[in-house]
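Below are two complexes that have chain A in common, paired first with chain B and then with chain C.
Up next is the complex of A and B:
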């Protein structure tokens, strides 16, 4: 049974259809990547899974529960964590406060136990200790992505959604961050769905990929297959 | 002007300033967190005064001891807070995602509803509940007598300012609120039920406005239209201090209160002109106000 399952999901922003009959699934402990050009529908898919966009039709199931109509906060409490493409760091708060934020919310609602997720997150991202007191406003792009990812993990999720986690990173930082994504799976055993526009980046981390084009899934399978298929490669690259 | 008079003018200025501060922090909370400009906040301040008058009047007539009259102040404010639980889901929830001019228009209408309802229920004459004010007597400052009750107001306003600062900057709930104010979508994705959080925040802002009206009642009166003048000046305080800034509200309210008090003493005809001159200069020189923050790319 898949951890996350989207079945024929159609989403609109205003009158524009951004997702067309999207059907994908993510199994427990899997790293799946949505690959496509800018504007292809990757972020809209992530947002629809998180509940930030409401599908007009179709079903979203998480842990075998229909979550199509649930608001984002209920999905977060069910075990879906998101690190968005714009990072969403609370600039007014320190890094430490950003990281504690989900813990405070969940404690406040007495919905989930604390566990030792904090230790695990700090083990995956040891640099966080150095940044603890720093304000969110002064983080670099790479640091912001790291804090956003670590903060989503503090929810103790079973599914982590990462929107463009590797975009805009310097090559050396990119390699390190891709390793961390794999380390998250190893250490926590959770599933990860990431959106990425660069097929080479996706191939560093993903077990499987879906190619998205104009709001539709045009391919689903292994990274190797896409790398071999020149037509798919061209579609993703855009030239 | 002799030094004794200057001290009394300063005390009077601060007395008025702190009433502006109590209204402005409510406005700041609502604007800072929900991006709603609430003109009806003056009406809620007035409702606090009227409801507390009703409670105090009943308690005084029944011959209850003085501590019961003190108790009427938080109870009156709490009753105003309960109003928040009605108007927030009925009206304000619909305004959160709209542009500010919609909230200005809708809450101006609500302000008129409050004012007329209070006049209909309590009549048009000023209502006095000065038992606490008289009970506390006067102090002699540099040879001039000054009401002791006013010092209760100073202490109370400072306690509110300090309490809110601790709440917003040192408590988990305050930090959750600040994060949500900056990016409600992200906050929801981290498990925050933004709808309930907004209702709680709205209650807090309205409770403080009600508390302002209630605590000022013994020293002034409850009268029809009492919410209009302070709301206009409170918006000036909000702009001068910087939108959403607690420190800015305190500094700007003190500035306006003192300018107004000295204006009344020295040039009564220019009293309001000077206040709005400060506002205009602030908008030209520092449009984000004294302590307002620049918007950053991260803010959504």
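Up next is the complex of A and C:
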């Protein structure tokens, strides 16, 4: 049984249909990537999984539980962590305060102290110690993405959603961040679903990919297959 | 730094304790009323400054607290009349919490201007009810408020409003301020700050935004109720004037003048606003004109409020020293 399963999900924003019959699954410990051009529906899929967009039809199952109608905070408490494409951190709060919330949430709702996951997260992102007292507003793009990812991990999730984590990063930072994504899986053994518009970036980390085009899944399989298929390749590269 | 705060607190407490012994009686009364408004403003700030919800109708709770006290003292209740200030405060807390829960459950579905206007609507409805339900509320005349007993002791009438009740109001103020301080520094208080910045982000890290907004609303309603309940015996009479859009606007001004993002801001704002109003009223009948100009001046010169400005200066000073 898959950890996350979307079955024929249709989502609308106003009167515009942004997802059409989306069916995907993510197994435990897997890194799966949604690849597609800008506006293809990657972020909408991530938002629908997190509950920030409500599907009109279809079902979303997480750990064999139907979560289609659950609000975002309940999904977070069940074990889905999200690091959004915009940095998504609280700019008025310090890095330490940003990371405090999830710790408090899991302490209250899962009776976990959060100290183990905190150690693991700091081991993956040692820079966090240096940034502890810094306000979210003054963080650089890369630092912001790191804090947003760390915050999602502090929830001790079983599924981590990363929306465009490598977008806009300098080449050296990008390589390092891609390594961190793999390290997250190694250290915590959790599943990761990420959205990426660049197939080359996706190939650095993903076990499997789904190609999204105009709100539909047009392909699901290995990165190598996409690279071999000229039509798919053209589709994800946008030319 | 912490020791400095403790020393400042002790000096402040000593000053507040001896003040009624040295200042004219009238000013002790003014000070007591100011403290009541400070409680009202402090409660309003958890909603406005901390959670980012601007209400234009919060005098509803000031009125509910005041009218609860007056209603429970009515002679018609016979042997069931309540004179114990502690019981009256408890009743005001319960009524404002119940009303806050009902009104809040409807209001928190909306944010920004819609939230503000729905609250304004509620205070207008409440004001109209106070005027029209004459047999219950006394209409425009309102209801008389008698001298309550405090901690089981009936204080002498002559000095109640100008001396003895001041200490009771001060004690309640210290307790509710401490409680609010604890709330602000709890994970819940921090979560409200996160909600103010971005409700969606707060939601996906596991914070039930709607529930927390409602909790903040009810807390702020309770503080309004406590402020009103303490103010009623000082006033001796409650009338619909206590719950208007004007008194709702006053609390917004108190928060802005004092500094809505600073814990002490609303307290300082309440002292500044009410005393400024009283002083100007002594000199001219055009007090609202002068008060309006003063408000414009303060907002332009101190956009973060007095405490916001002071806190920036202190940070700079200590930063330079270090």
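Descriptive notes on the structure:
The rule is short, and it goes like this: the second predicted complex is superposed on the first by the 231 of 239 C-alpha atoms of A that agree within 3 Å, B and C clash if a C-alpha of one lies under 4 Å from a C-alpha of the other, contacts with A are read in each partner's own complex, and residues count from 1 in each chain.
By our rule, a residue touches a chain if its C-beta (ideal position, glycine included) is under 8 Å from a C-beta of that chain, and two chains touch if they have at least 3 such contacts.
Computed from a predicted structure; not experimentally measured.
Because the two structures share chain A, they can be overlaid on it, and in that overlay chain B clashes with chain C.
Looking at the shared chain after the overlay, A:105 reaches both chain B and chain C. In the superposed three-chain model, the partner touching more residues of chain A is B, compared with the other of chain B and chain C. Contacts of A:155 after superposition on the shared chain: both chain B and chain C are touched. After overlaying the two complexes on the shared chain, residue contacts for A:137 are found with chain B alone; chain C is out of touch. Annotation: chain A residues 50-52, 71-73, 76-77, 82, 84, 88-93, 97, 100-102, 104-106, 109, 151-152, 155 touch chain B in one complex and chain C in the other. The part of chain B that touches chain A in the complex is made up of residues 172-173, 175-176, 178-179, 182-183, 185-194, 296, 298-300.
Chain A meets chain C in the complex at residues 50-52, 71-73, 75-77, 82, 84, 88-93, 97, 100-102, 104-106, 109, 151-152, 155. Within the complex formed with chain B, the residues of chain A that make contact are 50-52, 71-73, 76-77, 81-82, 84, 86-93, 97-98, 100-102, 104-109, 111, 136-137, 151-152, 155. By the touch rule above, chain C contacts chain A in their complex via residues 187, 190-191, 193-194, 196-198, 200-209.
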